[in-house]
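The two complexes that follow have chain A in common; it is paired with chain B in the first and with chain C in the second.
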Partner chain A sequence: MADNMEKKGKIQKSVILTIFICLSVAGFFISIGNGAVKISPREIIDAIVLQEETVNYQIIWNVRLPRTITASLVGTCLALSGCILQGVMRNPLASPNIIGVSSGAGLMTLIVLIVFPDYYYLAPIGAFVGAITATLFIYFLAWREGVATTRLILAGVAISSLLGAGNNAIITFYPDKVSGVIGFMVGGLSSISWKHVDMILPYAIAGMILILLVSDKLNILMLGDEVATGLGLNVEGTRFLFIIISSMLAGAAVSVVGLLGFVGLIVPHITRLFIGSDYRYLLPATIFTGSAVVVFCDTLARVMFAPLEIPVGIIMSALGAPFFLYLLRRKKEY
Partner chain B sequence: MDLKVEGLNVCYGSKMILRDMSFNIKRGEVATVIGPNGSGKSTLIKSISRYLKPVSGNIYLDNVNINQINTKEIAKNLAVLPQVKNVSSDISVEELVSYGRYPHLKFGKRLGKTDKEIIEWALEKTGLVEMKDRYVVTLSGGERQRAWIAMSLAQKPKILLLDEPTTFLDICYQLETLELIRQLNETLEITVVMVLHDLNQAARYSDNMLVIHEGKLLEYGEPCKIVNKGLLKNIFKIEADIYEDKINNCPYFIPKKVTA
Partner chain C sequence: MKKSILLKIILTVLAVSMIFTGCGTEANNQLPAGENPPVAENQSTEETPSGEGAEGENEKEEVTSAYGIIINEEDVVFTDATGEEVSIKKNPQRVVVLQNSLLEIWDQAGGQVVGRVEESEDKIVENAMSAEVVGTMAAPNLEKILSLEPDLVIISSSNRPQREMIPLLVQNNIQVINLYNDFLEDYYRTIRLFTAITGREDLYEDNVNNIQKKVDEIIAEAPADKGYKAVIMYATANSITVRDSNTMVGEMIKDLNVANISDSVEAGGDTRVFSLEKILIEDPDFIFVQTMGTDLEAITERLKSEAFDNPAWASLTAVKEDRYFVLPKDLYLYKPNDRYPEAYENLAKMIYPEVFGGY
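For the complex of A and B:
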């Protein structure tokens, strides 16, 4: 990143941001246009704007649109959540999956969906509670006169596997309700409908607005706790607020799509590589890159082995795991 | 701005680090805290900068208890340069300096014209105008320290706290940094409280020295009164010959051996 000595200007950053926005819009059309039936962008716009009752209209409105919107929101939520966590914990390997936020959210979601299926609409709140409890618990475990990164990650791994055992226990106790659970464990977007959009949308929008309002605080926090305190930032309070926001975002995503890995880890990294680590640009950019990555991967998941569809989580892991290892090898400080 | 510390007790975990510390630093003074390793020098700076919460005791800025002032308001008058700092690899000097305006910005507001003028001024005062577009991580040790000092200056502080500003720097950068601090103190009348390891440098660049030993304030006074054979032997465990630097009008010593 520091290969060239001169900084990226505001104009350059704005151009990159615009490209990301275009990418996510393109992803939207490609995702809706591809599948068992190919639909041209022209027809997509017609179907959305004119709303004529054609076959394509049915496919777009009932199947592809809710799915694409959900994929986009899930990508945004997970990527933002990871981006915030990497900043707050000042650790490039922090992400909702690795530090146990996702498994906390996942366990609570499973409990709601399998044990109390009538209350499915409470799943995001359950996931949020699970995510925040897991995060705070891990944070508390790692705390010893400050949070050392290694302790945090190790505590996260331990809590993650403990919660994973909880997930498996529930699946074992309720074998009759397991259909669809496999998709949940790896993260999948099949059988998504408007009900899912309604579940995730309020949390996604609230999270985005909140985080964009306080993005400058994340820049200050990056300078280190002592410097930030000296600049008049309430460090503990701010960090807590960020953890709440990132848990809310991750929780909302997990409640809809399941344990979709690597989005929260790799998307912030790729975005940072292009636009730099100033959070006033990084966070808005992550909204669009997160959306684009998951929408593209989900399209791949539908089209690659058509008519067979594979969970998007498999594609994400296949791309994400090598990237994670690449990060690990490339930079010494990790 | 005056800084007053009254009956300060600070713990780290269950260990008592500072005991019943009281002193008064006058406006425009350069006061340097000295003491052996583990005596509580950094803890004192961290407590004044409100990073560590004291068990008891009070800190006053111009006779106002800092507990009664909003932390952002304090940051408009009191700037801190700790030892542990972090900067991302793609943050430019100018961006780093702009963070010094944070306490002055209202919620959601961006940098205004005055802010930009102050950032420019801070870059000028620290001789960094030509390097303002460079990434901080590509600078030399001395330049980097100047960039951090520029960030503190952009806060427009009346008091500047520095925790070992010369540590890990080559000798030329050490002098460069201390000269800059002294110059800022003289031209801008900023009160400076800093921790230094090198006693000769402390004597050379301070108006007053605070000697801390085992968490207690032993002595507080001008360098010529503080630096003597007894102090060096009892507190710092060395035998030394003491001379007078007539040009800079301060004492200096040459260590001879470690006392048993």
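For the complex of A and C:
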């Protein structure tokens, strides 16, 4: 009986995972097929197959394709990052913001774009460095013969507050230069090119592989520090590893698209409500839900008021939050 | 027992004091009596320039009423940024200007200041450097301003902290000029207004001859039949925000008979994220990029090489034929003021090198 139930659970989860994969793939094709300029499916195929230097080819190959791939990877990275953190911290409100990624990346980017505008091209690198540095700083601040999750969260809140004040200080002292960085602060995918794909792909792939290899350790960590130690897990080392991976994933995403909220916090929960809390299924599923959400929302953002583009963060919050609330009411887990 | 009596007394005091605060705000809203009479007098005559001013200033009235400015013996009447009729006495003695671009124009009109805001590194008005600094453009200090006992304060209407100061200044019987300074027309109007207040008609004549006429000449010479299209962008690391014809540079290229591809969109404001697909389809003849950076050559080189490296951008005609121009901030991000002719001429050289010479 128990065996049957377990098998049924596995089959159900595999089915759900497959559905997520299909959604993700569908999102990919919808994103390539839609944009400010109307291109019919026939023309799309022509553009890809013939590879002639027409405008349609430029739009499909050099605008929509890199943008869709980047959106997909960004969604994956941010959602994975949030999912891992929620497990490591054992806190459903954990997201990349808690480990200082947003505030660290935001401050470094502001410094580069506003105080040293001649070096604007260094902004993505600055964002990544800022994110990792903030995370390490928070981690060591919270260290006292090990890192308790509460201390980590509190240190994260304090550091984010401090860095946020730094942001506001820069905005106060350079008010006329701020309009140029609004795009970054809100987060968006509007001038994504193949260069950005190159920037994020290695981190995304490395992160995904690492996480899938150690996903079972996250299950053990969820049982609590004492139990995990009793089961032979190096709790501090594992926690540190997960936090660094999480920071790296989120930092890579933020450096490419700016401070995109929502994905890191809510998408893991949406996934969890469908597939449950077993990280061996949850992490792979999050890869695809994260990708699907960002790709769908970015397509909408590009198409709704074309040729203007709305920041994708707005679409995600406007659609995603009500959807999440609906799920919350329907499912019984929370 | 004692506690409840105490509570009642406190509540009564609070209630009574609230009545008094109500009285206070009412008094604030009334302008000093001196402001009103000139407005009533001149309003009726504004529409008929020819029948105005028996002092032989008819010609001047015709010119100035184009900007809605009426110059009388003792004062100048104009419409400020809020649409209010304002009357300012000529030859103010102690002036504070809270915006560096307006300060530059005030200085060019022969005005002196006792107070200014912190200078920006690119716009230093030499004659004003000895004035007291009363704060920054974003956060001017009211106490400092009042301590200088000014009789006129000039503010920029696009700056909220400055706008919020107006009732307090008025309450202290200080005249306030609240201006927009976003476009060429604003500049012409401001220089007319300031020279009227300082009484320096000679400087106004200079301005008309050296600046306004020059700009008109350039605009007149620009060919009208080429049908060029352009896009104006702001260079940031992350997004393509465009400037339509309702922005300073947008208006400049429109004056030079170039169509702006971002004009087809309804929404206003000048930081709208625009689709690269649309730019590719429109394939504009010119791409102008505004930048905040100081080293123009380095930034230009970098932006151009980025454009060439990106296959989508590299496919655009404007990039291939080297019609991708980076605009320096002193002329195109900040207000050029007296350098408007230079700003227009540079653009004209970029767009019509066959007529104006190369840039």
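Definition applied: the second predicted complex is superposed on the first by the 228 of 334 C-alpha atoms of A that agree within 3 Å, B and C clash if a C-alpha of one lies under 4 Å from a C-alpha of the other, contacts with A are read in each partner's own complex, and residues count from 1 in each chain.
Note that in this section a residue touches a chain if its C-beta (ideal position, glycine included) is under 8 Å from a C-beta of that chain, and two chains touch if they have at least 3 such contacts.
Please read all numbers here as calculations on a predicted model, not as lab measurements.
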| item | value |
| --- | --- |
| Which partner reaches more residues of chain A (counting touched residues only), chain B or chain C | C |
| First (chain B), second (chain C), both or neither touched by A:306 | second |
| Which of chain B and chain C A:276 touches, first, second, both or neither | first |
| Touched partner set for A:184, first chain B, second chain C, both or neither | second |
| Partner chain(s) touched by A:231 [first = chain B, second = chain C, both, neither] | first |
| Touching partner for A:213 - first (chain B), second (chain C), both, neither | first |
| Partner chain A, residues of chain C touching it in the complex | 120, 136-139, 234-241, 264-265, 267, 271-278, 280-281, 283, 291-295, 298-299, 302, 306, 309-312, 315 |
| Chain A-facing residues of chain B, complex | 12-13, 46, 49-51, 70-76, 78-82, 84-92, 94-95, 99-100, 102-103, 105, 108, 133-135, 137-138, 152, 155, 161 |
| In the complex with chain C, residue positions of chain A that touch it | 35-37, 53, 55, 58-59, 61-64, 109, 113, 117-118, 120-121, 123-124, 172-173, 175-177, 179-184, 188, 190-191, 193-195, 257-258, 302, 305-311 |
| Parts of chain A lying in touch with chain B, wherever the complex brings them together | 1-2, 5-8, 90, 145, 213, 216, 219-220, 222-227, 229-234, 276-278 |
